[in-house]
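What follows are several structures.
The following pair of complexes shares a single chain, chain A, combined with chain B in the former and chain C in the latter.
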Partner chain A sequence: MTSKFRGWPTRVVVTLLYLFLLAPILMVLVISFDAQSTMSFPPRGFTFQWYERLAQNAEFIHGFQVSAVVGVGVALLALLIGVPVAIALTRHEFRFREVMSGFFLSPLMVPAIVLGLALLLVLAPLKITGTYGGLIVAHLAITVPYVVRTTSMSLMTMNRSCEEAARTLGASPWRTFTRVTLPLIAPGVLAGGVIAFLISFDEAVISLFVVGPQATTLPVEIFHYVESRTDPQIAALSVVLIAISVLFMVIIERAAGLKKVLR
Partner chain B sequence: MSAKTRSARLTVLGLTVPGLLGLAVSFVLPLAWLLRMSFNRGDSTGYIEETFTLDSYAQFVGDSYYWDMAWETTLLGLGVTVLTIVVSYPIALFLVRTESRFKGILVALAVAPLLTSSVVRTYGWLVLLGNQGVVNQALMGAGLVDQPLALINNRIGVYIALVEIMMPYMILCLLAGFGRFNQELEHAAQSLGANRWRTFWRIVWPLSMPGVLTGALLVFVLTISSFVTPRLVGGGKVFYLATEIYDQATATLNWPFAAAIAFILLALFAVVIVIYQRALRRIEAQ
Partner chain C sequence: MSFLQLDDIVKKYPGAERPSVADFTLGIDQGEFVSLLGPSGCGKTTTLRMIAGLVEATSGRIHLDGKELTRTPVHQRGMGLVFQNYALFPHLNVARNVAFGLEMRRTSKAEAKRRVEEALDLVRLGHLSGRRIKQLSGGQQQRVALARALVIEPAVLLLDEPLSNLDAKLRDTMREEIRSIQRKLGITTVFVTHDQDEALAVSDRIVVMSEGVIEQVGTPEQIYEHPANRFVANFIGRANLFDAQITHTAGGVAELDVAGLGQMRAVDDQGAKGPATVLVRPHRMQVSKAAADDAHGTVETVVYVGDSIEYGVRVGDNTVSVQSVAGAAERLERGTTVRLSWQTEDALVLT
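What follows is the complex of A and B.
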């Protein structure tokens, strides 16, 4: 039976579908080393010039800095307010717990285009569009749910006997948390922080509404660049960004692997 | 109230207040403000009159241009969802069944595109589908067409690019849904004389329905709210609700109208979620 399904028609279909799925990424990879500057195929020669130009593109470098600073700020703030929420949701019984749990996931149900417009209407009169603070506020709602989710999962799956032992031996709740619980849930917290950073770093639609001349994030710079021209510099930049994402995923994977060791 | 429950309540309050404040500022207040804005009166000069009127909604409902736009948006959502199921299902089924030692890598490859932002993948599609792109070069090289086909700056390109962008989400949902799938059932059906076609439609497809439905909801919702791909591949020449919200907010500066369209989009969301829950209940009842 399995041998029947391993027949060549299945293989051909699945291979073609994989090719379709990976086509844009493969294309970006090839084009980034292409010697010609128009969007055409096949490539005519190999060059690093797009990577070199990238290193001199002041807009992209500034965008990268803005995105990195905002991403780190969002990740830290999301952890600061998300981790306590996860503790309350998993370690305490209270009325409205289900409601609150739903509330902290609800920002993911609202389309980015709607949230972006809503944030513009609030941030523009306060004159904080195009500032780091404004961008961090704008990215907060869509990142907190991930922190709450990953931290809650760690809290639910960890072994609680160590916590109980620490409490029995007279440690205060705060000391128990910092010395016992936090190290045990660190992988989940770290994963939440990294996901928050990545979401913020990649976010384009909400940012489009709230960026300004002083602070424009990298995805917005890319969006405007692609809107007007399509030279391979964008491809080179994409390859760099993909490499960074892969690096981060390896970190998450290590963290998840760490969890198994700790358990 | 005992001292103990009071202190427990204070603890919960202390733990959740920062989070509640954070979401209030970044989520609840903006949406409430957006709703209020949709009842103001605005015009294309950027002037906003503080009032309480349904003018913006009436402007949308009273103009067949916007009805067409809402219809095209719904059609895009449905079309992309169906096509995404068609191209994702074989991959998901293959991944569930395969005993290849490369299975882990193949699963990773199927969801790897999620690591790249949709702006980047949209750029990839612009290069692929352009007049000088791979697709047109191949078609002309094979002598199938004389002139390059127009695959970007129109709706065709938007469909193609969105289907690919949505595939990893669909594959993930299908893989999760196949959890209940058991090859023994297939074997049983076949040993009882069912052919492969019949086995698929009677056994495999119904068992995968929960995954298909979850994926369909996710893809539909992501598609009708997507902005970057319709804008870049559509080249500003095709219009959907999401692109119109952006244009009204940033180019026309009619914020009340943009806000009204945003809530019409949310209403479309609500309708789809209700349909989804009905369908899910019906399937679970079977």
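What follows is the complex of A and C.
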């Protein structure tokens, strides 16, 4: 009885499990080329028409632009806030450190719908709901924790004596940060930025509360679309979004290794 | 005041019960090679880091070349520190690592290039300047770290157990190399180690520490031949320590009543009185066969180690180590009853 033999059942189970997990995605891929005008299975006929219509759908294109702009803005701002916070939390001893740490990670533990409502209550009086600014602020609440986490992870695993070495070699604290610390934690920072972008790009629940006519994100447009229509255009859009996500995941994997980031 | 002068340095880490370094006063001359030696946790690294400025002293003063340095920030001290784990920058190649300190000083490109080459040649790594750090062996990384610290022409070179990650053979060659580079450059050096052989082999002076305080400062010979106390005698080399009662002292020689051995003589610098400890190194002890009623003890262990034989002789509750040159005397078997003796000049009274 070799381990090879025992490996067989495991492999079968794992393969089935993956198929089960990937089945919806494969289904979407198949349906997006289906000639029928309602989403159904099995497909009949082959067509590119849903992709062509997608390219002409003004709402989706606008939604895509809004989501992209908001996503990039969120990613940059999340880094700007998250990286210093991570440094403070991992490198400095101060009185309310635990409290601060809890504060910055807490949005991850609150249901999105609660958070969305809360943000609406806060943002409405400020009159920034329905604007890019409002969306960005709302998304920051859920993305900063990820940046804090990935950056903290890099900070904790990097060799701290490198920073001390830089100091003894004549680097001021700021130069030590830019020349040594930042390059060494770059994978975590980059991963945090990409995750922030993806989450923002994907976010629907919180956005529903704060979008307006001028600034409606793609997920919200999709939401509205499927309320009234059921043609495979939405499947074609899903395929495009999946492709974009995969691209980003490849970037993270190359930069840092997925395991490290998702741990 | 010496070139590098530490006065009454104390370091108490926040929350610690007692100071990690206490009342540390030491002067180091220009060009001197001084080792800090002591068991793990005795405060060697802490002391070194206070000199570098990475740890702030709780109290006390540090002067370099007459100028007070105690509150100078790390990056303005100009000390060259080599870390135990080397702490090379993994994102820079060998040459860029070495050039780092010069870049921080805004040295001109041409001069930096020349000095980096010089430094790498000094540690015999000129041919690897383009390598990534990951592609270097431990010994090579060690040399890069040394070159990186030396290229900025530091006032003092600080080495924190630089050899402890190398295998035994490489350790010996590297320590000779460090010493010869140090002589060549005439650079003042503080070397931290817990390895007594290393300290004895390379140092001009050794500072023996225990539990945060200095036990003795002296040349390797002084430390080995005239340890200041039981701790130093035990820590440096192997030692037999006998409890004794001084009966008479004259002309630097004490007559003693040694427990288990009877009347003996030993060198006594201090003119001590009453109870004392006598130190005799194992290779200075003599052992000879004796009739049971005349013997001090019994041979308990015999270990043959090539050029010498090591005996463990049971005297009362204690075991005395004796090292004799193999072949010089008849070999004693286990269980032999023996007498122990020593030359007066080979025994030292400790206080």
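Here is the rule we go by: the second predicted complex is superposed on the first by the 236 of 263 C-alpha atoms of A that agree within 3 Å, B and C clash if a C-alpha of one lies under 4 Å from a C-alpha of the other, contacts with A are read in each partner's own complex, and residues count from 1 in each chain.
Heads up, the rule we're going with is that contacts are C-beta pairs under 8 Å (C-beta built on N, C-alpha and C of every residue); 3 or more make two chains touch, one makes a residue touch a chain.
On a predicted model such as this, the values are computed, not experimentally measured, just so you know.
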Chain B versus chain C as contact partner of A:V74, first or second or both or neither: neither
Which superposed partner A:P183 touches (first chain B, second chain C, both, neither): second
Which of chain B and chain C A:A191 touches, first, second, both or neither: neither
Which of chain B and chain C A:S161 touches, first, second, both or neither: second
If touched residues of chain A are counted for chain B and for chain C, the larger one: B
Partner chain in contact with A:V211 - chain B first, chain C second, else both or neither: neither
First, second, both or neither for A:V66, with chain B first and chain C second: neither
First (chain B), second (chain C), both or neither touched by A:G170: second
Contacts of A:L135 with chain B and chain C, given as first, second, both or neither: neither
Overlap of chain C and chain B interfaces on chain A (superposed complexes): none
Chain C-touching residues of chain A, taken from the complex the two chains share: 159, 161-162, 164-173, 175-176, 179-180, 183-184
For the chain C and chain A complex, residues of the former touching the latter: 52-54, 74-81, 83, 85, 87-91, 100-101, 104-105, 148-149, 152
Chain A residues within the chain B interface of the complex: 1-2, 4-5, 10, 13-14, 17-18, 20-25, 27-28, 31, 38-42, 77, 80-82, 84-85, 87-88, 92, 94, 100, 103-104, 106-107, 109-115, 117-122, 137-138, 140-141, 144, 148, 202, 204-205, 208-209, 219, 222-223, 226-227, 230, 234-235, 238, 241-242, 245-246, 249
Chain A contact footprint on chain B (complex, rising order): 8-9, 11-12, 14-16, 18-19, 21-23, 25-27, 29-31, 33-34, 37, 87-88, 90-91, 94, 97, 99, 109-110, 112-113, 115-128, 130, 132-134, 137, 161, 164, 167-168, 183, 186-187, 190, 196, 221, 224-225, 227-228, 231-232, 242, 245-246, 249-250, 255, 258-259, 262, 265-266, 269
